[in-house]
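Several structures are given next for inspection.
In the two complexes that follow, chain A is the common piece, with chain B as its partner first and chain C second.
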Partner chain A sequence: MFSRTIISRAVRQTAARSSAFAAVRPTPLSTPAPATSFLLSLASQRRLLSDAVRQAIDKAVASAPVVLFMKGTPETPQCGFSRASIQVLGLQGVDPNKFAAFNVLEDQELRQGIKEYSDWPTIPQLYIDKEFVGGCDIIVSMHQNGELAKLLEEKGVLLKEEGGQAEGETKE
Partner chain B sequence: MASPTPMEDAIREKITAALQPTRLEIYNDSHLHAHHAPMQGVTSKETHFRLIITSEAFGSKMQPARHRLVYSLLKHEMAQEGGIHALQLRTMTPEEEATRRAQEAGSE
Partner chain C sequence: MAQTSITEDSIRAALTERLKATHVEVQDMSGGCGQAFTSLVVSPEFEGKNSLKRHRLVNAALKDEIAQIHAWSAKCQTPDEYEKEMAVTGGKDEPPLDGTEGGKVTGVTE
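Right, the complex of A and B next:
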(Lines of atoms letter the chains of each structure in order from A and count residues from 1; the text may use other names and numbers.)
(Lines give C-alpha, C1' and ligand atoms only; values in the text may rest on other atoms or scores of the structure.)
Protein backbone atom coordinates (compact mmCIF):
# COMPACT_ATOMS: atom_id res chain seq x y z
CA MET A 1 0.00 0.00 0.00
CA PHE A 2 1.16 3.46 -0.86
CA SER A 3 1.18 5.06 2.56
CA ARG A 4 3.00 2.14 4.12
CA THR A 5 5.71 2.17 1.45
CA ILE A 6 6.24 5.85 2.05
CA ILE A 7 6.54 5.39 5.76
CA SER A 8 8.96 2.46 5.75
CA ARG A 9 11.10 4.10 3.12
CA ALA A 10 11.03 7.33 5.07
CA VAL A 11 12.27 5.61 8.17
CA ARG A 12 15.16 4.02 6.36
CA GLN A 13 16.15 7.12 4.47
CA THR A 14 15.87 9.34 7.45
CA ALA A 15 18.06 6.98 9.39
CA ALA A 16 20.58 7.14 6.60
CA ARG A 17 20.39 10.89 6.32
CA SER A 18 20.07 11.94 9.89
CA SER A 19 23.82 11.71 10.35
CA ALA A 20 24.23 14.13 7.48
CA PHE A 21 21.81 16.55 9.12
CA ALA A 22 23.72 16.25 12.36
CA ALA A 23 27.19 16.45 10.90
CA VAL A 24 26.72 19.39 8.61
CA ARG A 25 24.39 21.54 10.57
CA PRO A 26 23.66 20.65 14.14
CA THR A 27 20.30 21.73 15.36
CA PRO A 28 20.82 25.37 16.21
CA LEU A 29 19.47 24.94 19.68
CA SER A 30 21.94 22.25 20.68
CA THR A 31 24.79 24.59 19.82
CA PRO A 32 23.02 27.90 20.19
CA ALA A 33 23.06 30.12 17.14
CA PRO A 34 22.77 33.87 17.70
CA ALA A 35 19.03 33.91 17.16
CA THR A 36 18.54 31.12 19.62
CA SER A 37 20.69 32.30 22.46
CA PHE A 38 18.89 35.59 22.11
CA LEU A 39 15.63 33.77 22.61
CA LEU A 40 16.97 31.87 25.57
CA SER A 41 18.10 35.05 27.21
CA LEU A 42 14.57 36.32 26.96
CA ALA A 43 13.06 33.36 28.74
CA SER A 44 10.78 34.02 31.70
CA GLN A 45 9.63 37.34 30.32
CA ARG A 46 6.24 38.31 29.02
CA ARG A 47 4.04 36.01 26.96
CA LEU A 48 3.06 38.58 24.39
CA LEU A 49 5.08 38.60 21.23
CA SER A 50 7.44 41.43 22.01
CA ASP A 51 9.50 43.21 19.36
CA ALA A 52 12.56 41.41 20.71
CA VAL A 53 11.04 37.97 20.30
CA ARG A 54 9.66 38.89 16.91
CA GLN A 55 13.11 39.99 15.78
CA ALA A 56 14.67 36.82 17.16
CA ILE A 57 12.16 34.71 15.26
CA ASP A 58 12.79 36.82 12.14
CA LYS A 59 16.43 35.81 12.46
CA ALA A 60 15.59 32.17 13.04
CA VAL A 61 13.31 32.10 9.99
CA ALA A 62 16.08 33.68 7.91
CA SER A 63 18.83 31.42 9.29
CA ALA A 64 18.52 28.96 6.38
CA PRO A 65 16.48 28.60 3.17
CA VAL A 66 14.51 25.74 4.76
CA VAL A 67 13.58 26.12 8.42
CA LEU A 68 11.51 23.74 10.49
CA PHE A 69 10.20 24.62 13.94
CA MET A 70 9.64 21.27 15.59
CA LYS A 71 9.32 19.35 18.83
CA GLY A 72 12.62 17.62 19.47
CA THR A 73 15.54 17.43 17.08
CA PRO A 74 15.77 15.94 13.58
CA GLU A 75 17.61 12.98 15.12
CA THR A 76 15.14 12.47 17.95
CA PRO A 77 11.78 14.07 17.23
CA GLN A 78 9.53 14.26 20.28
CA CYS A 79 6.25 14.18 18.39
CA GLY A 80 4.89 12.08 15.53
CA PHE A 81 3.94 15.11 13.46
CA SER A 82 7.41 16.59 13.78
CA ARG A 83 8.87 13.20 12.89
CA ALA A 84 6.72 12.90 9.78
CA SER A 85 7.73 16.39 8.68
CA ILE A 86 11.44 15.80 9.08
CA GLN A 87 11.10 12.47 7.26
CA VAL A 88 9.46 14.18 4.31
CA LEU A 89 12.26 16.73 4.11
CA GLY A 90 14.80 13.89 4.22
CA LEU A 91 12.92 11.97 1.52
CA GLN A 92 12.80 15.03 -0.66
CA GLY A 93 16.55 15.30 -0.41
CA VAL A 94 16.79 18.71 1.22
CA ASP A 95 20.43 19.78 1.45
CA PRO A 96 21.46 19.79 5.14
CA ASN A 97 23.52 22.90 4.42
CA LYS A 98 20.35 24.71 3.51
CA PHE A 99 18.31 23.46 6.42
CA ALA A 100 17.90 24.45 10.05
CA ALA A 101 15.66 22.97 12.71
CA PHE A 102 14.60 24.73 15.90
CA ASN A 103 13.43 22.71 18.87
CA VAL A 104 10.55 24.61 20.44
CA LEU A 105 10.57 22.36 23.50
CA GLU A 106 13.83 23.93 24.61
CA ASP A 107 12.49 27.43 24.60
CA GLN A 108 9.12 28.56 25.93
CA GLU A 109 9.46 31.98 24.30
CA LEU A 110 9.96 30.37 20.94
CA ARG A 111 7.23 27.81 21.54
CA GLN A 112 4.61 30.46 22.25
CA GLY A 113 6.10 33.14 20.04
CA ILE A 114 6.20 31.10 16.86
CA LYS A 115 2.48 30.38 17.10
CA GLU A 116 1.67 34.05 17.20
CA TYR A 117 4.35 34.96 14.69
CA SER A 118 2.96 32.54 12.10
CA ASP A 119 -0.67 32.89 13.17
CA TRP A 120 -0.61 29.11 13.41
CA PRO A 121 -1.49 27.29 16.65
CA THR A 122 0.43 24.05 16.18
CA ILE A 123 3.96 22.70 15.76
CA PRO A 124 5.69 21.75 13.44
CA GLN A 125 5.86 24.72 11.11
CA LEU A 126 7.81 24.87 7.89
CA TYR A 127 9.31 27.99 6.36
CA ILE A 128 10.94 28.10 2.93
CA ASP A 129 12.73 31.28 1.92
CA LYS A 130 11.24 33.02 4.95
CA GLU A 131 7.74 32.21 3.80
CA PHE A 132 5.38 30.14 5.89
CA VAL A 133 4.48 26.94 4.04
CA GLY A 134 2.37 25.06 6.56
CA GLY A 135 2.20 22.41 9.22
CA CYS A 136 2.52 18.64 9.03
CA ASP A 137 -0.69 17.95 7.09
CA ILE A 138 0.23 20.50 4.44
CA ILE A 139 3.82 19.25 4.23
CA VAL A 140 2.66 15.66 3.78
CA SER A 141 -0.03 16.48 1.24
CA MET A 142 2.38 18.67 -0.75
CA HIS A 143 4.84 15.79 -0.61
CA GLN A 144 2.26 13.40 -2.00
CA ASN A 145 0.93 15.64 -4.75
CA GLY A 146 4.33 16.76 -5.99
CA GLU A 147 4.01 20.43 -5.00
CA LEU A 148 6.73 20.20 -2.39
CA ALA A 149 9.26 18.65 -4.78
CA LYS A 150 8.51 21.44 -7.26
CA LEU A 151 8.87 24.17 -4.65
CA LEU A 152 12.13 22.79 -3.24
CA GLU A 153 13.51 22.39 -6.74
CA GLU A 154 12.59 25.98 -7.65
CA LYS A 155 14.24 27.23 -4.49
CA GLY A 156 17.41 25.25 -5.25
CA VAL A 157 17.60 23.66 -1.82
CA LEU A 158 17.91 20.01 -2.83
CA LEU A 159 21.06 17.91 -2.72
CA LYS A 160 22.66 17.91 -6.16
CA GLU A 161 24.18 14.43 -6.33
CA GLU A 162 22.72 11.02 -7.24
CA GLY A 163 19.63 12.17 -9.05
CA GLY A 164 17.53 12.97 -6.05
CA GLN A 165 15.23 11.44 -3.56
CA ALA A 166 13.02 8.76 -4.98
CA GLU A 167 15.75 6.29 -5.85
CA GLY A 168 14.11 3.27 -4.30
CA GLU A 169 16.07 1.26 -1.82
CA THR A 170 18.94 2.39 0.29
CA LYS A 171 21.79 -0.06 0.50
CA GLU A 172 22.59 -1.66 3.81
CA MET B 1 -27.18 15.26 30.83
CA ALA B 2 -23.69 16.17 29.74
CA SER B 3 -22.49 14.79 26.43
CA PRO B 4 -19.70 12.21 26.67
CA THR B 5 -18.04 13.94 23.73
CA PRO B 6 -18.30 17.69 24.38
CA MET B 7 -15.26 18.52 22.27
CA GLU B 8 -16.41 16.56 19.26
CA ASP B 9 -19.84 18.15 19.61
CA ALA B 10 -18.30 21.60 19.68
CA ILE B 11 -16.21 20.86 16.60
CA ARG B 12 -19.21 19.58 14.68
CA GLU B 13 -21.40 22.46 15.73
CA LYS B 14 -18.94 25.24 14.97
CA ILE B 15 -17.71 23.87 11.66
CA THR B 16 -21.19 23.06 10.47
CA ALA B 17 -22.44 26.52 11.34
CA ALA B 18 -19.55 28.42 9.80
CA LEU B 19 -18.63 26.33 6.76
CA GLN B 20 -21.81 24.42 5.85
CA PRO B 21 -19.67 21.46 4.82
CA THR B 22 -20.95 18.94 2.30
CA ARG B 23 -18.76 16.40 4.09
CA LEU B 24 -17.55 16.48 7.67
CA GLU B 25 -15.80 13.51 9.20
CA ILE B 26 -14.46 13.75 12.72
CA TYR B 27 -12.09 11.09 14.00
CA ASN B 28 -11.01 11.01 17.60
CA ASP B 29 -7.47 9.61 17.61
CA SER B 30 -6.78 10.50 21.24
CA HIS B 31 -6.34 6.88 22.35
CA LEU B 32 -3.40 6.56 19.94
CA HIS B 33 -1.57 9.36 21.74
CA ALA B 34 -2.64 8.85 25.33
CA HIS B 35 0.76 7.52 26.36
CA HIS B 36 2.69 10.51 24.98
CA ALA B 37 4.59 12.65 27.42
CA PRO B 38 2.57 15.85 26.87
CA MET B 39 -0.62 13.93 27.71
CA GLN B 40 0.46 12.98 31.22
CA GLY B 41 -2.02 14.27 33.72
CA VAL B 42 -4.57 15.03 31.01
CA THR B 43 -7.82 13.25 31.73
CA SER B 44 -9.71 14.34 28.61
CA LYS B 45 -10.40 11.60 26.08
CA GLU B 46 -10.73 14.26 23.40
CA THR B 47 -7.26 15.64 22.73
CA HIS B 48 -6.34 14.47 19.22
CA PHE B 49 -8.70 14.90 16.30
CA ARG B 50 -8.52 14.29 12.60
CA LEU B 51 -11.00 16.11 10.40
CA ILE B 52 -11.98 15.74 6.79
CA ILE B 53 -13.93 18.75 5.64
CA THR B 54 -15.35 19.46 2.23
CA SER B 55 -16.82 22.91 1.86
CA GLU B 56 -17.42 25.60 -0.73
CA ALA B 57 -16.00 28.00 1.85
CA PHE B 58 -12.50 26.79 0.96
CA GLY B 59 -12.82 27.91 -2.65
CA SER B 60 -10.06 30.28 -3.78
CA LYS B 61 -8.17 29.74 -0.52
CA MET B 62 -4.76 28.11 -0.38
CA GLN B 63 -4.23 25.32 2.15
CA PRO B 64 -2.68 27.47 4.90
CA ALA B 65 -5.62 29.86 4.73
CA ARG B 66 -8.07 26.98 4.94
CA HIS B 67 -6.35 25.55 7.97
CA ARG B 68 -6.20 28.97 9.63
CA LEU B 69 -9.92 29.32 9.05
CA VAL B 70 -10.62 26.03 10.84
CA TYR B 71 -8.14 26.83 13.61
CA SER B 72 -9.81 30.16 14.18
CA LEU B 73 -13.22 28.50 14.52
CA LEU B 74 -11.79 26.16 17.17
CA LYS B 75 -9.57 28.71 18.84
CA HIS B 76 -11.25 28.35 22.20
CA GLU B 77 -11.15 24.54 22.15
CA MET B 78 -7.44 24.56 21.25
CA ALA B 79 -6.43 27.18 23.78
CA GLN B 80 -8.18 25.81 26.84
CA GLU B 81 -6.32 23.71 29.39
CA GLY B 82 -6.70 20.00 28.54
CA GLY B 83 -8.37 20.97 25.27
CA ILE B 84 -7.48 19.95 21.73
CA HIS B 85 -3.78 19.17 21.59
CA ALA B 86 -3.51 18.13 17.95
CA LEU B 87 -5.76 18.69 14.98
CA GLN B 88 -5.09 17.00 11.67
CA LEU B 89 -6.93 18.57 8.78
CA ARG B 90 -7.82 17.58 5.27
CA THR B 91 -9.66 20.40 3.59
CA MET B 92 -11.22 20.21 0.13
CA THR B 93 -13.73 22.02 -2.01
CA PRO B 94 -16.48 19.85 -3.52
CA GLU B 95 -14.70 20.12 -6.89
CA GLU B 96 -11.41 18.92 -5.40
CA GLU B 97 -13.16 16.06 -3.71
CA ALA B 98 -14.72 15.02 -7.03
CA THR B 99 -11.31 15.21 -8.75
CA ARG B 100 -9.72 13.16 -6.02
CA ARG B 101 -12.42 10.50 -6.24
CA ALA B 102 -11.97 10.31 -9.99
CA GLN B 103 -8.20 9.92 -9.59
CA GLU B 104 -8.58 7.25 -6.96
CA ALA B 105 -11.04 5.36 -9.10
CA GLY B 106 -8.70 5.64 -12.08
CA SER B 107 -5.62 4.40 -10.27
CA GLU B 108 -7.15 1.11 -9.15
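Right, the complex of A and C next:
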Protein backbone atom coordinates (compact mmCIF):
# COMPACT_ATOMS: atom_id res chain seq x y z
CA MET A 1 0.00 0.00 0.00
CA PHE A 2 2.87 2.31 0.87
CA SER A 3 4.58 1.81 -2.41
CA ARG A 4 1.34 2.31 -4.27
CA THR A 5 0.86 5.68 -2.62
CA ILE A 6 4.33 6.68 -3.63
CA ILE A 7 3.77 5.57 -7.18
CA SER A 8 0.48 7.38 -7.58
CA ARG A 9 2.01 10.52 -6.12
CA ALA A 10 4.89 10.27 -8.54
CA VAL A 11 2.44 9.93 -11.40
CA ARG A 12 0.49 12.95 -10.21
CA GLN A 13 3.68 14.98 -9.99
CA THR A 14 4.67 13.96 -13.46
CA ALA A 15 1.27 14.96 -14.75
CA ALA A 16 1.47 18.31 -13.02
CA ARG A 17 4.88 18.92 -14.48
CA SER A 18 3.70 18.00 -17.91
CA SER A 19 1.29 20.89 -17.84
CA ALA A 20 3.88 23.21 -16.31
CA PHE A 21 6.17 22.41 -19.20
CA ALA A 22 3.51 22.81 -21.83
CA ALA A 23 5.54 25.68 -23.19
CA VAL A 24 8.33 23.28 -24.08
CA ARG A 25 8.01 22.80 -27.77
CA PRO A 26 10.50 21.07 -29.96
CA THR A 27 11.57 22.83 -33.09
CA PRO A 28 10.56 21.03 -36.26
CA LEU A 29 13.13 21.02 -39.06
CA SER A 30 10.98 23.24 -41.21
CA THR A 31 9.52 25.89 -38.93
CA PRO A 32 11.12 28.75 -36.99
CA ALA A 33 11.98 28.17 -33.37
CA PRO A 34 9.49 29.42 -30.82
CA ALA A 35 11.11 31.64 -28.24
CA THR A 36 10.28 29.38 -25.33
CA SER A 37 12.20 28.74 -22.19
CA PHE A 38 12.90 25.14 -21.46
CA LEU A 39 12.65 25.30 -17.70
CA LEU A 40 11.45 28.74 -16.84
CA SER A 41 10.24 27.75 -13.40
CA LEU A 42 13.48 26.20 -12.23
CA ALA A 43 15.88 29.09 -12.60
CA SER A 44 17.17 28.79 -9.04
CA GLN A 45 18.67 25.31 -9.42
CA ARG A 46 21.93 25.71 -11.27
CA ARG A 47 24.51 23.17 -10.27
CA LEU A 48 23.23 19.66 -9.93
CA LEU A 49 20.85 17.85 -12.16
CA SER A 50 17.70 17.97 -10.09
CA ASP A 51 14.92 15.43 -10.46
CA ALA A 52 12.78 18.07 -12.10
CA VAL A 53 15.43 18.89 -14.69
CA ARG A 54 16.08 15.24 -15.30
CA GLN A 55 12.38 14.58 -15.83
CA ALA A 56 12.05 17.53 -18.17
CA ILE A 57 15.00 16.25 -20.19
CA ASP A 58 13.49 12.73 -20.12
CA LYS A 59 10.43 14.28 -21.70
CA ALA A 60 12.43 16.21 -24.28
CA VAL A 61 14.38 13.08 -25.23
CA ALA A 62 11.10 11.18 -25.66
CA SER A 63 9.39 13.97 -27.59
CA ALA A 64 10.33 12.52 -30.99
CA PRO A 65 12.15 9.46 -32.36
CA VAL A 66 15.09 11.67 -33.38
CA VAL A 67 16.07 14.46 -31.01
CA LEU A 68 18.96 16.87 -31.37
CA PHE A 69 20.10 19.19 -28.59
CA MET A 70 21.87 21.99 -30.39
CA LYS A 71 23.05 25.58 -30.32
CA GLY A 72 20.58 27.63 -32.32
CA THR A 73 17.80 26.27 -34.48
CA PRO A 74 17.86 23.96 -37.50
CA GLU A 75 17.29 27.00 -39.71
CA THR A 76 19.86 29.14 -37.94
CA PRO A 77 22.48 27.04 -36.16
CA GLN A 78 24.70 29.13 -33.89
CA CYS A 79 27.71 26.83 -34.00
CA GLY A 80 29.50 24.95 -36.75
CA PHE A 81 29.16 21.58 -35.02
CA SER A 82 25.41 21.99 -34.64
CA ARG A 83 25.25 23.10 -38.26
CA ALA A 84 27.17 20.04 -39.46
CA SER A 85 24.93 17.73 -37.42
CA ILE A 86 21.72 19.25 -38.79
CA GLN A 87 23.12 19.00 -42.32
CA VAL A 88 23.84 15.31 -41.83
CA LEU A 89 20.32 14.61 -40.58
CA GLY A 90 18.94 16.51 -43.57
CA LEU A 91 21.16 14.61 -46.01
CA GLN A 92 20.07 11.34 -44.45
CA GLY A 93 16.45 12.28 -45.14
CA VAL A 94 15.16 12.25 -41.57
CA ASP A 95 11.40 12.83 -41.55
CA PRO A 96 10.74 16.29 -40.02
CA ASN A 97 7.66 14.83 -38.34
CA LYS A 98 9.87 12.40 -36.48
CA PHE A 99 12.43 14.98 -35.47
CA ALA A 100 12.72 17.55 -32.71
CA ALA A 101 15.48 20.04 -31.98
CA PHE A 102 16.03 21.81 -28.68
CA ASN A 103 18.03 25.02 -28.59
CA VAL A 104 20.24 24.89 -25.50
CA LEU A 105 21.12 28.57 -25.87
CA GLU A 106 17.58 29.43 -24.86
CA ASP A 107 17.87 27.81 -21.48
CA GLN A 108 20.83 27.63 -19.15
CA GLU A 109 19.27 24.74 -17.23
CA LEU A 110 19.05 22.65 -20.34
CA ARG A 111 22.49 23.73 -21.52
CA GLN A 112 24.18 22.50 -18.34
CA GLY A 113 21.69 19.75 -17.52
CA ILE A 114 21.99 17.91 -20.81
CA LYS A 115 25.74 17.53 -20.35
CA GLU A 116 25.27 15.77 -17.06
CA TYR A 117 22.23 13.84 -18.25
CA SER A 118 24.15 12.34 -21.18
CA ASP A 119 27.52 12.33 -19.43
CA TRP A 120 28.78 14.16 -22.49
CA PRO A 121 30.68 17.45 -22.30
CA THR A 122 29.76 19.07 -25.60
CA ILE A 123 26.80 20.20 -27.72
CA PRO A 124 25.28 19.04 -30.08
CA GLN A 125 23.94 15.74 -28.76
CA LEU A 126 21.86 13.30 -30.76
CA TYR A 127 19.29 10.88 -29.37
CA ILE A 128 17.53 8.22 -31.42
CA ASP A 129 14.70 6.31 -29.78
CA LYS A 130 15.69 7.82 -26.43
CA GLU A 131 19.18 6.40 -26.75
CA PHE A 132 22.23 8.66 -26.79
CA VAL A 133 24.06 8.31 -30.10
CA GLY A 134 26.83 10.88 -29.75
CA GLY A 135 28.02 14.34 -30.68
CA CYS A 136 29.14 15.88 -33.93
CA ASP A 137 32.25 13.70 -34.41
CA ILE A 138 30.24 10.51 -34.02
CA ILE A 139 27.33 11.77 -36.13
CA VAL A 140 29.66 12.71 -38.98
CA SER A 141 31.71 9.50 -38.83
CA MET A 142 28.55 7.36 -38.69
CA HIS A 143 27.25 9.34 -41.66
CA GLN A 144 30.44 8.61 -43.59
CA ASN A 145 30.71 4.92 -42.76
CA GLY A 146 27.05 4.11 -43.38
CA GLU A 147 26.14 3.24 -39.79
CA LEU A 148 23.84 6.22 -39.42
CA ALA A 149 21.85 5.40 -42.56
CA LYS A 150 21.44 1.85 -41.28
CA LEU A 151 20.33 2.97 -37.83
CA LEU A 152 17.84 5.55 -39.16
CA GLU A 153 16.44 3.00 -41.59
CA GLU A 154 16.01 0.41 -38.84
CA LYS A 155 14.22 2.93 -36.66
CA GLY A 156 11.88 3.89 -39.51
CA VAL A 157 12.49 7.60 -39.17
CA LEU A 158 13.39 8.43 -42.76
CA LEU A 159 11.10 10.15 -45.24
CA LYS A 160 9.24 7.57 -47.28
CA GLU A 161 10.63 7.21 -50.75
CA GLU A 162 8.09 7.27 -53.53
CA GLY A 163 8.15 5.01 -56.56
CA GLY A 164 11.20 5.46 -58.75
CA GLN A 165 12.87 7.86 -56.36
CA ALA A 166 14.50 4.93 -54.65
CA GLU A 167 16.52 4.43 -57.81
CA GLY A 168 17.35 8.09 -57.99
CA GLU A 169 14.85 8.86 -60.73
CA THR A 170 12.57 11.83 -60.80
CA LYS A 171 8.93 10.96 -60.56
CA GLU A 172 6.59 12.85 -62.87
CA MET B 1 43.95 26.13 -7.21
CA ALA B 2 45.14 28.20 -10.11
CA GLN B 3 43.68 27.32 -13.45
CA THR B 4 46.30 25.66 -15.55
CA SER B 5 46.31 26.58 -19.18
CA ILE B 6 45.46 23.91 -21.68
CA THR B 7 47.81 23.48 -24.58
CA GLU B 8 48.25 21.05 -27.44
CA ASP B 9 51.21 19.64 -25.52
CA SER B 10 49.36 19.24 -22.23
CA ILE B 11 46.50 17.41 -23.94
CA ARG B 12 48.92 15.16 -25.79
CA ALA B 13 50.76 14.37 -22.56
CA ALA B 14 47.53 13.63 -20.71
CA LEU B 15 46.26 11.24 -23.39
CA THR B 16 49.61 9.50 -23.66
CA GLU B 17 49.71 8.96 -19.93
CA ARG B 18 46.06 8.24 -19.14
CA LEU B 19 45.03 6.26 -22.23
CA LYS B 20 48.44 4.83 -23.08
CA ALA B 21 48.00 6.48 -26.45
CA THR B 22 50.64 5.42 -28.93
CA HIS B 23 50.02 8.36 -31.22
CA VAL B 24 48.31 11.68 -30.53
CA GLU B 25 47.84 14.65 -32.77
CA VAL B 26 46.27 17.76 -31.29
CA GLN B 27 45.40 20.74 -33.42
CA ASP B 28 44.21 24.18 -32.39
CA MET B 29 40.94 25.02 -34.10
CA SER B 30 40.04 28.12 -32.14
CA GLY B 31 38.57 30.78 -34.32
CA GLY B 32 39.06 33.56 -31.84
CA CYS B 33 36.23 32.66 -29.48
CA GLY B 34 38.23 30.69 -26.96
CA GLN B 35 40.36 27.60 -26.74
CA ALA B 36 39.34 24.83 -29.09
CA PHE B 37 41.14 21.65 -30.04
CA THR B 38 40.64 18.75 -32.39
CA SER B 39 42.56 15.51 -32.00
CA LEU B 40 43.51 12.17 -33.41
CA VAL B 41 44.00 9.64 -30.62
CA VAL B 42 45.49 6.21 -31.23
CA SER B 43 45.33 3.85 -28.30
CA PRO B 44 45.19 0.08 -27.77
CA GLU B 45 42.57 0.76 -25.09
CA PHE B 46 40.04 1.36 -27.88
CA GLU B 47 40.24 -2.30 -28.97
CA GLY B 48 36.83 -3.95 -28.98
CA LYS B 49 35.00 -0.72 -28.13
CA ASN B 50 32.54 1.12 -30.32
CA SER B 51 32.89 4.75 -31.23
CA LEU B 52 30.71 6.04 -28.39
CA LYS B 53 32.68 4.09 -25.77
CA ARG B 54 35.97 5.32 -27.20
CA HIS B 55 34.84 8.92 -27.06
CA ARG B 56 33.61 8.40 -23.52
CA LEU B 57 37.05 7.08 -22.54
CA VAL B 58 38.69 10.18 -23.99
CA ASN B 59 36.12 12.51 -22.42
CA ALA B 60 36.71 10.87 -19.04
CA ALA B 61 40.50 11.03 -19.39
CA LEU B 62 40.28 14.72 -20.26
CA LYS B 63 37.36 15.66 -18.03
CA ASP B 64 39.07 18.66 -16.40
CA GLU B 65 40.74 19.80 -19.61
CA ILE B 66 37.54 19.69 -21.70
CA ALA B 67 35.69 21.56 -18.95
CA GLN B 68 38.15 24.41 -19.34
CA ILE B 69 38.16 24.71 -23.11
CA HIS B 70 35.42 25.80 -25.47
CA ALA B 71 35.31 23.15 -28.13
CA TRP B 72 36.62 19.64 -28.48
CA SER B 73 36.71 17.10 -31.32
CA ALA B 74 38.30 13.68 -31.46
CA LYS B 75 38.89 10.77 -33.76
CA CYS B 76 39.64 7.57 -31.84
CA GLN B 77 41.49 4.70 -33.48
CA THR B 78 43.23 1.53 -32.44
CA PRO B 79 46.85 1.16 -33.60
CA ASP B 80 45.69 -1.33 -36.28
CA GLU B 81 43.02 1.03 -37.60
CA TYR B 82 45.49 3.89 -37.65
CA GLU B 83 48.08 1.90 -39.58
CA LYS B 84 45.49 0.72 -42.09
CA GLU B 85 44.18 4.22 -42.66
CA MET B 86 47.70 5.58 -43.04
CA ALA B 87 48.39 2.89 -45.64
CA VAL B 88 45.15 3.48 -47.55
CA THR B 89 45.39 7.26 -47.54
CA GLY B 90 49.12 7.44 -48.14
CA GLY B 91 49.91 8.84 -44.72
CA LYS B 92 46.95 11.16 -44.36
CA ASP B 93 45.12 10.39 -41.12
CA GLU B 94 44.33 13.56 -39.25
CA PRO B 95 42.19 15.13 -36.53
CA PRO B 96 38.61 15.77 -37.73
CA LEU B 97 37.67 19.27 -38.86
CA ASP B 98 33.99 18.66 -39.60
CA GLY B 99 31.85 21.49 -38.35
CA THR B 100 34.65 24.01 -38.63
CA GLU B 101 35.22 26.58 -41.33
CA GLY B 102 38.67 26.16 -42.78
CA GLY B 103 39.75 24.39 -39.60
CA LYS B 104 38.41 27.07 -37.26
CA VAL B 105 35.43 26.91 -34.94
CA THR B 106 32.62 29.31 -35.73
CA GLY B 107 29.70 30.56 -33.72
CA VAL B 108 28.73 30.29 -30.07
CA THR B 109 31.15 28.09 -28.23
CA GLU B 110 31.70 27.48 -24.52
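As a working rule, the second predicted complex is superposed on the first by the 122 of 172 C-alpha atoms of A that agree within 3 Å, B and C clash if a C-alpha of one lies under 4 Å from a C-alpha of the other, contacts with A are read in each partner's own complex, and residues count from 1 in each chain.
Quick note on the criterion: a contact is a pair of C-beta atoms (placed from the backbone, for glycine too) under 8 Å apart; a residue touches a chain by one contact, two chains touch by 3 or more.
Quantities reported herein were computed from a predicted structural model and do not represent experimental measurements.
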Chain C versus chain B on the shared chain A, clash or fit after superposition: clash
Chain A: partner with more touched residues, chain B or chain C: C
Partner chain(s) touched by A:57 [first = chain B, second = chain C, both, neither]: neither
Contacts of A:133 with chain B and chain C, given as first, second, both or neither: both
Which of chain B and chain C A:72 touches, first, second, both or neither: second
Chain B versus chain C as contact partner of A:83, first or second or both or neither: second
Contacts of A:114 with chain B and chain C, given as first, second, both or neither: neither
Footprint overlap on chain A, where chain B in one structure and chain C in the other make contact: 78-81, 119-122, 132-138, 141-142
Residue numbers on chain B that touch chain A, as the complex places them: 33, 36-38, 63-64, 67-68, 71, 75, 78-79, 86-90
Interface residues, chain A side, partner chain B - complex: 78-81, 119-122, 132-138, 141-142
Contact set on chain C toward chain A in their complex: 51-52, 55-56, 59, 63, 66-67, 71-75, 96, 98-101, 105-109
Chain A residues touching chain C - in the complex, by the definition given at the top: 71-72, 77-85, 105, 119-122, 132-138, 140-142
